[in-house]
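Sharing a structure with you now.
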Amino acid sequence: MKSNRMEAFSDGVLAIIITIMVLEFKLPEGHDWKSLVYLFPKVLSYIFSFVYVGIYWNNHHHLLHMVRTMNGRLMWLNLLLLFWLSLVPFTTAWMGESHFAPTPMALYGIILTLASMSYWLLQRSIINQHPRDSHFHTIGRSWKAKLSPILYLLTVLTAYISPWVSGFFIVLVAIIWFLPDRRIEEFLREK
Amino acid sequence: MKSNRMEAFSDGVLAIIITIMVLEFKLPEGHDWKSLVYLFPKVLSYIFSFVYVGIYWNNHHHLLHMVRTMNGRLMWLNLLLLFWLSLVPFTTAWMGESHFAPTPMALYGIILTLASMSYWLLQRSIINQHPRDSHFHTIGRSWKAKLSPILYLLTVLTAYISPWVSGFFIVLVAIIWFLPDRRIEEFLREK
Amino acid sequence: MKSNRMEAFSDGVLAIIITIMVLEFKLPEGHDWKSLVYLFPKVLSYIFSFVYVGIYWNNHHHLLHMVRTMNGRLMWLNLLLLFWLSLVPFTTAWMGESHFAPTPMALYGIILTLASMSYWLLQRSIINQHPRDSHFHTIGRSWKAKLSPILYLLTVLTAYISPWVSGFFIVLVAIIWFLPDRRIEEFLREK
Amino acid sequence: MKSNRMEAFSDGVLAIIITIMVLEFKLPEGHDWKSLVYLFPKVLSYIFSFVYVGIYWNNHHHLLHMVRTMNGRLMWLNLLLLFWLSLVPFTTAWMGESHFAPTPMALYGIILTLASMSYWLLQRSIINQHPRDSHFHTIGRSWKAKLSPILYLLTVLTAYISPWVSGFFIVLVAIIWFLPDRRIEEFLREK
């Protein structure tokens, strides 16, 4: 009774989330390049979300390799993470449609904060399946996991000051999480 | 010839069901918090359905581990279950859009009753693959399976009295099914 | 290099086809039972298509267990089958929306005929991977495979006489294919 | 830590891309054959894209069998490929809706060029995991990989001269890639 099916289900949900965002691109009125201009903010916010969902998929992929035994708790924490991520297409579309207005950007930041908190809860539950002295426990103390909520909060707060500052923090968190945690990769290689 | 592919197909359908419900969230007119108010009943009914589909996926996951041999009967009972669940996004959207009006809530309860009856038929077929004296047969006699249809019926009937009472029974059934059946988990651990 | 990934991809496409048909159910204007009446032909044509896609998934499941070696030919024949099936949601919606008008019903029959012909081509290619004297070759000579195109043709032709006659043939083909071919199941059990 | 989950995720995304394109087929006003005429350019561009996504899925399938160790780089290159392919439904719909106007055709060519460049980067990363003298390295030097970008560029440029010439190059690239690389297939058979 391993985590395979939870992986398959999560992959399915994430694949749909990443793809239905494109359904928000309404066809332009004209047939020239100029008529595509209105799409620019929508495509930009799509790129943000594509990268974020990609990062979650990538880290999720690494995290689930550490699961020792599946239980109801892990399944529900995983569903909680998928719930917040399932709201990403809506907030992405709103952010793009509003040309990065303060409230849509703040909502985007809030949804990502809640997703990252669910991820952190899932991670902690999986880490606790391992003995206290295993080096999985160092992951829980990683600076990434501690810094992210603060940066997300800054995304939300600065949304009302300037979309550029808020967008900067969105990009910054993406860069930090871009690569999966080296320590997990090393551990898996050692096994 | 195991149940893997039926699991994969069911996971795909459930993942799509859970995700396309979000497509019902039309973008708001304005760009402030106030313009999100209309979304509240839609999000609430989405949460209900997300939890229900999650519960079905979770229990389905446990149930399919007990399949000994696949056959046409199991496939069709599984498709029957998926058919009723595929109607959940429509009834969820109607319930949210009508602000929990009696008829949409009653329809929601009816669809869930039919889904639970299909689940029960599928469960019985799988249990009957095991010898009569195995302790799988105790599951068929579980109080959950007996209580659920009655509670669902109450959901349908009370929809015309008060949405709060009807909603209470919807939440109650969810809580009852929240955790997968301990006995199956124990059996799988013993194996 | 087995057929696993072709199965996974086909399952994904079939799962999406079966689920997006529900997106055609537009929300009713009112909030009472009467306002659901307009949905009746749509739900009826959805049931037809759900059963048909279910039958294809079921038989496809059995057929792919006979694949000995994957090659480009099988992949393209499989994609051809998926192409025709991908048009089922459109024709289903048109048939329902038109209240089973002759031309939509004829188109529905044509798409199903083309899908069944692709299935037959795929089946023949897989059978030819087995030695001539194996009893797989008897499947190619099955009366089902020979009768189906004739019945589909009758579905198309009678669409202009009466929707009831045409619908009768649609239901008849469904019943014929309802159960997977016993001989394949028996062979797999013997293995 | 093999490439299975990346395959599963990619299959999911490709299956959704190929299927949601059909959602662009709006229902016709009338219920006769004549009312389907407007669909012709949409169906034609759908066929193009179905074949292209099919080709990518097919080659992707072969390519991922050569992966020796998964790493972050491969995951991100794979996501880059999926990103460009996720824009195919939008450009397909625009091309069909505009009756193959120059700019939509040029955009279609550009998106396919970017997808093919991402595929080439992914292929190169996977090839470099193998020793220099293995015959995987001959694949990197294949004439297909060298010819494709030139033909795609011609698709973009000739879009403003004639849709027929541009369409000819789209079809030509499809034919070239129709069959998976024989050399990879042979190698896998030898293994």
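Order of writing sets the labels: A, B, C and D. Residues in every chain begin at 1.
Methods note: a residue touches a chain if its C-beta (ideal position, glycine included) is under 8 Å from a C-beta of that chain, and two chains touch if they have at least 3 such contacts.
Just so you know, these numbers come straight off a predicted model, no measurement behind them.
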Checklist line | C-alpha-based rotation, chain C on chain D, 0 to 180 degrees, nearest 5 | finding: 90
Checklist line | Centroid-based (C-alpha) most distant chain relative to chain B | finding: D
Notebook entry, point to check: At the place where copies chain A and chain B touch, is the share of residue numbers found on both sides over half (same) or under half (different)?
Noted result: different
Checklist line | CA centroid of chain A to CA centroid of chain D, Å | finding: 27
Notebook entry, point to check: At what distance in angstrom does the C-alpha mean of chain C lie from that of chain A?
Noted result: 38
Note to self: Using the touch definition from the top, which residues of chain D touch two or more other chains?
What the structure shows: 8, 12, 15-16, 20, 23
Check: What does chain C use to touch chain D in their complex?
Finding: 1, 5, 8-9, 12-13, 15-17, 20, 23, 71-72, 75-76, 79, 82-83, 86-87, 89-90, 93-94, 97-98, 101-104, 107
Next item on the list: Under the touch definition given earlier, write down the residues of chain B that touch chain A in their complex.
Entry: 7-8, 11-12, 14-16, 18-20, 22-23, 25, 27-28, 31-33, 36, 47, 50, 54, 57-58, 61, 65, 178-180, 185, 188-189
